[in-house]
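Read through the structure below, which is laid out as structure tokens, and then see the notes.
As written, the chain order gives the labels A, B, C, D, E and F, with residue 1 at the start of each chain.
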Amino acid sequence: MLLALSTWPEIEAYLRTSKTVVVPIGSNEQHGPTGLLGTDWLCPEIISHEAAKLSDSVLVAPTFNVGMAQHHLAFPGTIFLRPSTFIAAIGDWVRSLGAHGFEKIYFLNGHGGNVASIEAAFSEIYAEYSFRQERAPFALKLKNWWDLKGVMSLANQQFPVGHGSHATPSEIAVTQWAYPDSVKTAAYEPKIAPTGPIREALDFRARYADGRMGSDPAQATPEKGGALVTQAARSLIEDLAEFSAEKRI
Amino acid sequence: MLLALSTWPEIEAYLRTSKTVVVPIGSNEQHGPTGLLGTDWLCPEIISHEAAKLSDSVLVAPTFNVGMAQHHLAFPGTIFLRPSTFIAAIGDWVRSLGAHGFEKIYFLNGHGGNVASIEAAFSEIYAEYSFRQERAPFALKLKNWWDLKGVMSLANQQFPVGHGSHATPSEIAVTQWAYPDSVKTAAYEPKIAPTGPIREALDFRARYADGRMGSDPAQATPEKGGALVTQAARSLIEDLAEFSAEKRI
Amino acid sequence: MLLALSTWPEIEAYLRTSKTVVVPIGSNEQHGPTGLLGTDWLCPEIISHEAAKLSDSVLVAPTFNVGMAQHHLAFPGTIFLRPSTFIAAIGDWVRSLGAHGFEKIYFLNGHGGNVASIEAAFSEIYAEYSFRQERAPFALKLKNWWDLKGVMSLANQQFPVGHGSHATPSEIAVTQWAYPDSVKTAAYEPKIAPTGPIREALDFRARYADGRMGSDPAQATPEKGGALVTQAARSLIEDLAEFSAEKRI
Amino acid sequence: MLLALSTWPEIEAYLRTSKTVVVPIGSNEQHGPTGLLGTDWLCPEIISHEAAKLSDSVLVAPTFNVGMAQHHLAFPGTIFLRPSTFIAAIGDWVRSLGAHGFEKIYFLNGHGGNVASIEAAFSEIYAEYSFRQERAPFALKLKNWWDLKGVMSLANQQFPVGHGSHATPSEIAVTQWAYPDSVKTAAYEPKIAPTGPIREALDFRARYADGRMGSDPAQATPEKGGALVTQAARSLIEDLAEFSAEKRI
Amino acid sequence: MLLALSTWPEIEAYLRTSKTVVVPIGSNEQHGPTGLLGTDWLCPEIISHEAAKLSDSVLVAPTFNVGMAQHHLAFPGTIFLRPSTFIAAIGDWVRSLGAHGFEKIYFLNGHGGNVASIEAAFSEIYAEYSFRQERAPFALKLKNWWDLKGVMSLANQQFPVGHGSHATPSEIAVTQWAYPDSVKTAAYEPKIAPTGPIREALDFRARYADGRMGSDPAQATPEKGGALVTQAARSLIEDLAEFSAEKRI
Amino acid sequence: MLLALSTWPEIEAYLRTSKTVVVPIGSNEQHGPTGLLGTDWLCPEIISHEAAKLSDSVLVAPTFNVGMAQHHLAFPGTIFLRPSTFIAAIGDWVRSLGAHGFEKIYFLNGHGGNVASIEAAFSEIYAEYSFRQERAPFALKLKNWWDLKGVMSLANQQFPVGHGSHATPSEIAVTQWAYPDSVKTAAYEPKIAPTGPIREALDFRARYADGRMGSDPAQATPEKGGALVTQAARSLIEDLAEFSAEKRI
């Protein structure tokens, strides 16, 4: 069930059966010579929408499509929120959903660079309650899609060499499966991109000339992407069930 | 051309031919008993994507899908950013796009309640330059999709009575055209919803029991929506051309 | 009754009879070669003080005299608050007045450029309550003085040509009536100023060399100003009575 | 010369002869049973306007009329800005005036409770430059009107007993001189109000039942007020001359 | 009792006997050619720790060691918080301590430049309650260590000439007593440093070449420092007892 | 070399030989029945001071002693900064150090809960430069002390069972070595504390009754702590050398 394609009476009805909602969250940032700029928000969107197709109990909020991509800003097309803005925005999403009675708010994340700010946002929101020695009316959970059960092992099987950490064949495969008309090709040089530290934007571009980190995206195929989506969607359904069942202590 | 489905080298190439980008911006909020919660961000997304299909010179950023919907928060499913958060976020989108060299940043808006905060955001961004008596490197423009040439006159023709101001048949028709599988029906009571002032969330729900304001959405059809999209997309292309041509004085 | 010239026991007594207060709000910004820099805050101050003379039931707060005038900053004497600061300050005025039990807080505005930020401020304040699904203890209303009943029609009658939108003969006439010793003259060239879009400060000065937009202020006279003030003050009293009578729904 | 009653070309001309501007700054807060709520902003306004009458070289900005009066909020009519808002707003006034080329910005203050926030604001503004190891283009000075040369000694002479620290006979006398129609009377009980610490609003009202601290305002007369204004205005002119002459080191 | 060297059960037990806590607060900033950069936070730490040794009823929080030192930033080693950051941080310390039930939070300050921001912080915190017409659950007190009973008179006796206002012999003596291995010497030129106004960082360095203001630190000795610490620690114990005994009115 | 016990001329001299500085950063929070509240800031302080004793090239800033400990607030004595405050404060420390010419700013961290906010702070600071497509004048590095080379392997050797993740025997051992007079004992029940997720403060206290997570602190001894400090200090010196040598790309 997609929240944006539902009416408010439908959500009111849903809330009588479940207090759980998934928010796909990602980033709009360069993904090397062939990766789509939207890769990091498209992946959690694709996976969570697939889960919603497979299970009636899954409710998916609109996608939070711009995140913390400061280090990619030297590549055209990257759009990002400073951590302070990102934290404030996540807070307002959570406060809005919490106001409706959602008690389990699950962020399915598509970008490693988001993790710090999302966790900081959670603490910022909880602090409003902690300072008053009150319980927050909701629990917040962050999960990267590649950390869903069985996903990384499948990716390692598909791409035993050259998976890397940015513009990876697995995330590119996922978008190829969902957007077959937008599959891009390029001559990668070197085949497997270099690795190293992440600092600020100009430093990043100087270190990683075409934007990839440690990856060989040439291995991506729509089929591999489809397998990853299936695995991830099933595990997401399970993980949501577990989160929904979690009792307040 | 959709930015999120492009690679960074494609955007780099685009910037050599044009410095203009469209950002569809809306709100995720209740739209009466049959309107989709996403209506206000789906409409500018649908129209700008249609324009991108019609013209190679149109570049569309990801959709800014959550806006200023404080007054709708008493209806489940509404998600909103406080004006201060919204202003900060628009600022970061603009600073990101500006950093890449975009000089004409055009927000195609789908929600009347966004207008004040978007204009405030523009002034907030410009102020950074004005305090230093410097020129901003970009011009910002806000346009509501229903203010595009020929759109409102077509809507008035299609819906001479009961267009109203919230959950209007025109916006619902647009989403019906694009999402035919998500067309919803309900018995509207009264047929044409009441009108009145907009205050805070609980006041709004008390005044407008099913969420509509002055509208009779039963008149919406996918066909009418298609006609509106075609008109809006063509006018958007023209308006963008004019904005792109605007000389710095 | 002017709040600033009252004592706290007088305000305590007033609150037993009425919960309504008017806040004149404007901007301190260039108004062409002859308009006073204070024009936009002087006008609502003049009109609301006149209303307080005509009716014992009108309570006027101090004037909020600096607003959103980013686009006028290239002209000396302009002082402005960024929207984020303006929103925070309006919030503190409202929270202060609300703490005393005022339930109807009416902003009489003298500057078109303020509208977006004031409306954003209202939403920002209401959001504190909406996120908790609570009612705000006060209603907020914004009215531009030229939108008071009968004012614009009188101005159109007085200035059928060359009223324009900035440094208008009507606002200048109002200040001439109240500050006859500060009437200024100049040779306007051209007689009627050009019109066009509003962007940032240096762009504005480049487009509008002497600061006027579409106006011919030579037509202003203290007498015309007096007539406008009388009309506006009477309509303000009526509008306040209506706002005071508005029931919570 | 009053900035708000001047045109921008007049200010442009003034800036060719002087880079100094006075900002009267105060607070709108309870001043005991007979003191006007506006006392703390009216006093610096009255004195600086008097100085502008006496000397052509004095330019006075609009009055910053709401300040840090948190501790008075339990008395109706008090309006205040939180320190964070106050600091932001002072910053925008200074940045605006600085953008026009004012190099000496002098705040004539009428409220002891403002001092901490104004000084914090100055440091906040300077920090923008210090972090870049740059010089600020302006110098900022804060002066309480009662600290102007000869003022406190005159007040002590006029009110050897019962001057106190809030709702003092001296400040009330100043407003009586300027607003003779707004002179209020009351039976003070006790004649001289108690003294003690200042904490938050409800604590303040519990300690100081009628709002006065240590003062006997019955001694105020318009004549004494007039003498104070004359003394303060003359000293202000001198102090401004000295500040204007201060060389950058 | 030092909070940082205690366990949470020990603090829980302490709270059953007392609701008072001391927070040493200072600044890390240049102190002339021989003063330690930490002088302003070391002094209140040394004094409060000494008081904790002398009395079991004294609980000392960790030291807040970086404050408002904008004007010293042109000298290497200075670290500071902008007033807005400082205010936010003091707020979080207070909210944390208040959440545990501390009702008397006493800041022992070592830096004159902190006073404005600390007082602004207190008002900012109280305002949260005042806007709701509620009492704050804690009282906040600021005391500079040199204002503790008997301290300044002893310092004046020890240093009748050349005490000055920055890098004073008294504060340097205190650190010499506590850190005898870090006593530094230099040829002071001139013997007694000049005095004058405080503006921003580069102005400060231009006026005060070696960082001192009005002081002759050569007079400092560990013995004099020890006497000051003893006097200050005893007076602190008394002052805390008085603050603890203060009844809510 | 300890910055706080140095003079500004000493730091000026140091900067001619090195541009690197270490900032110990931690948290003041409950550490179970026997762990000191200061454990998380004492550990990096102890280790970095030890490194400064071993090597003249190590410069240590004052300790940033309060961090992100929202989840521990239900235990008395915990003090914390909300992420937004923490980010702002880290920013001001970095901007201050950067203003003096430090180019390598190394945060030695003692609290896992700080990591997200510190990384967010780094991105926030870098963003100021990235938005302008400029290089930051400094590189920032975060290292947890237990991630220094050889430390975790030594801890695993010392505590093969019951190390856990909060109030660990390794961190308690480090403080026991440095503060032998503050060694506390208690009967742990159960011997090894439970593990589980971290949410907000009251949830944390409900899950972890005495504050420990997965640990058996009874195994800590001052001797083991000394061995850990020696290993960590040596590795810190190496890691700093490597960071100092890192070339700008």
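Note that in this section contacts are C-beta pairs under 8 Å (C-beta built on N, C-alpha and C of every residue); 3 or more make two chains touch, one makes a residue touch a chain.
As the structure is a prediction and not an experimental result, all values here were calculated from the model.
Asker: Count the smallest number of chain-to-chain hops linking subunit A with subunit D, moving only between touching chains.
Answerer: The fewest touching-chain steps linking subunit A to subunit D number 2.
Asker: Among E-F, B-C or B-D, find the interface that matches A-F: by residue number, over half of the contact pairs should be common to both.
Answerer: Of the listed pairs E-F, B-C or B-D, the one copying the A-F interface is B-C.
Asker: Fitting the CA atoms of subunit B to subunit D, what rotation angle results, rounded to the nearest 5 degrees?
Answerer: The C-alpha superposition of subunit B onto subunit D needs 120 degrees.
Asker: Roughly how far is subunit B from subunit F, centre to centre by C-alpha average, rounded to an integer in Å?
Answerer: 47
Asker: I'd like to verify one number: the distance from the centre of subunit C to the centre of subunit F, where each centre is the average of its C-alpha atoms, in whole angstrom.
Answerer: 54
Asker: As a quick test, compute the distance in whole Å between the mean CA positions of subunit A and subunit B.
Answerer: Averaging C-alpha atoms per chain gives centres 24 Å apart.
Asker: Multi-chain contacts in subunit C: which residues touch at least two other chains?
Answerer: Within subunit C, residues 73, 80, 82, 84, 88, 96, 99, 130-131, 133 contact more than one other chain.
Asker: Using the definition of touching given at the top, classify the network of chains in this structure as line, ring, star, complete or other.
Answerer: Shape of the chain contacts: other, as it matches none of the listed patterns.
Asker: Any two chains that touch count here, so list every such pair.
Answerer: Chain-chain contacts present: A-B, A-C, A-E, A-F, B-C, B-D, B-F, C-D, C-E, D-E, D-F, E-F.
Asker: Of all residues in subunit E, which touch subunit F in the complex?
Answerer: Where subunit E meets subunit F, its residues are 3-12, 15, 28, 30-38, 41-42, 61-66, 73, 75-82, 84-85, 88-89, 91-93, 96-97, 99-101, 179, 182, 184, 186, 211.
Asker: For subunit C, which residues are in contact with subunit A within the complex?
Answerer: Interface residues on the subunit C side: 130-133.
Asker: Which residues, counting only subunit C, touch subunit B once they are in their complex?
Answerer: 68, 70-71, 73-74, 80, 82-84, 87-88, 113, 115-117, 119-121, 123-124, 126-127, 129-131, 133-136, 139-140, 199-203, 206-207, 248-249
Asker: For a test of understanding, state which residues of subunit F touch subunit D in their complex under the given definition.
Answerer: By the definition above, subunit F touches subunit D via 95-96, 98-99.
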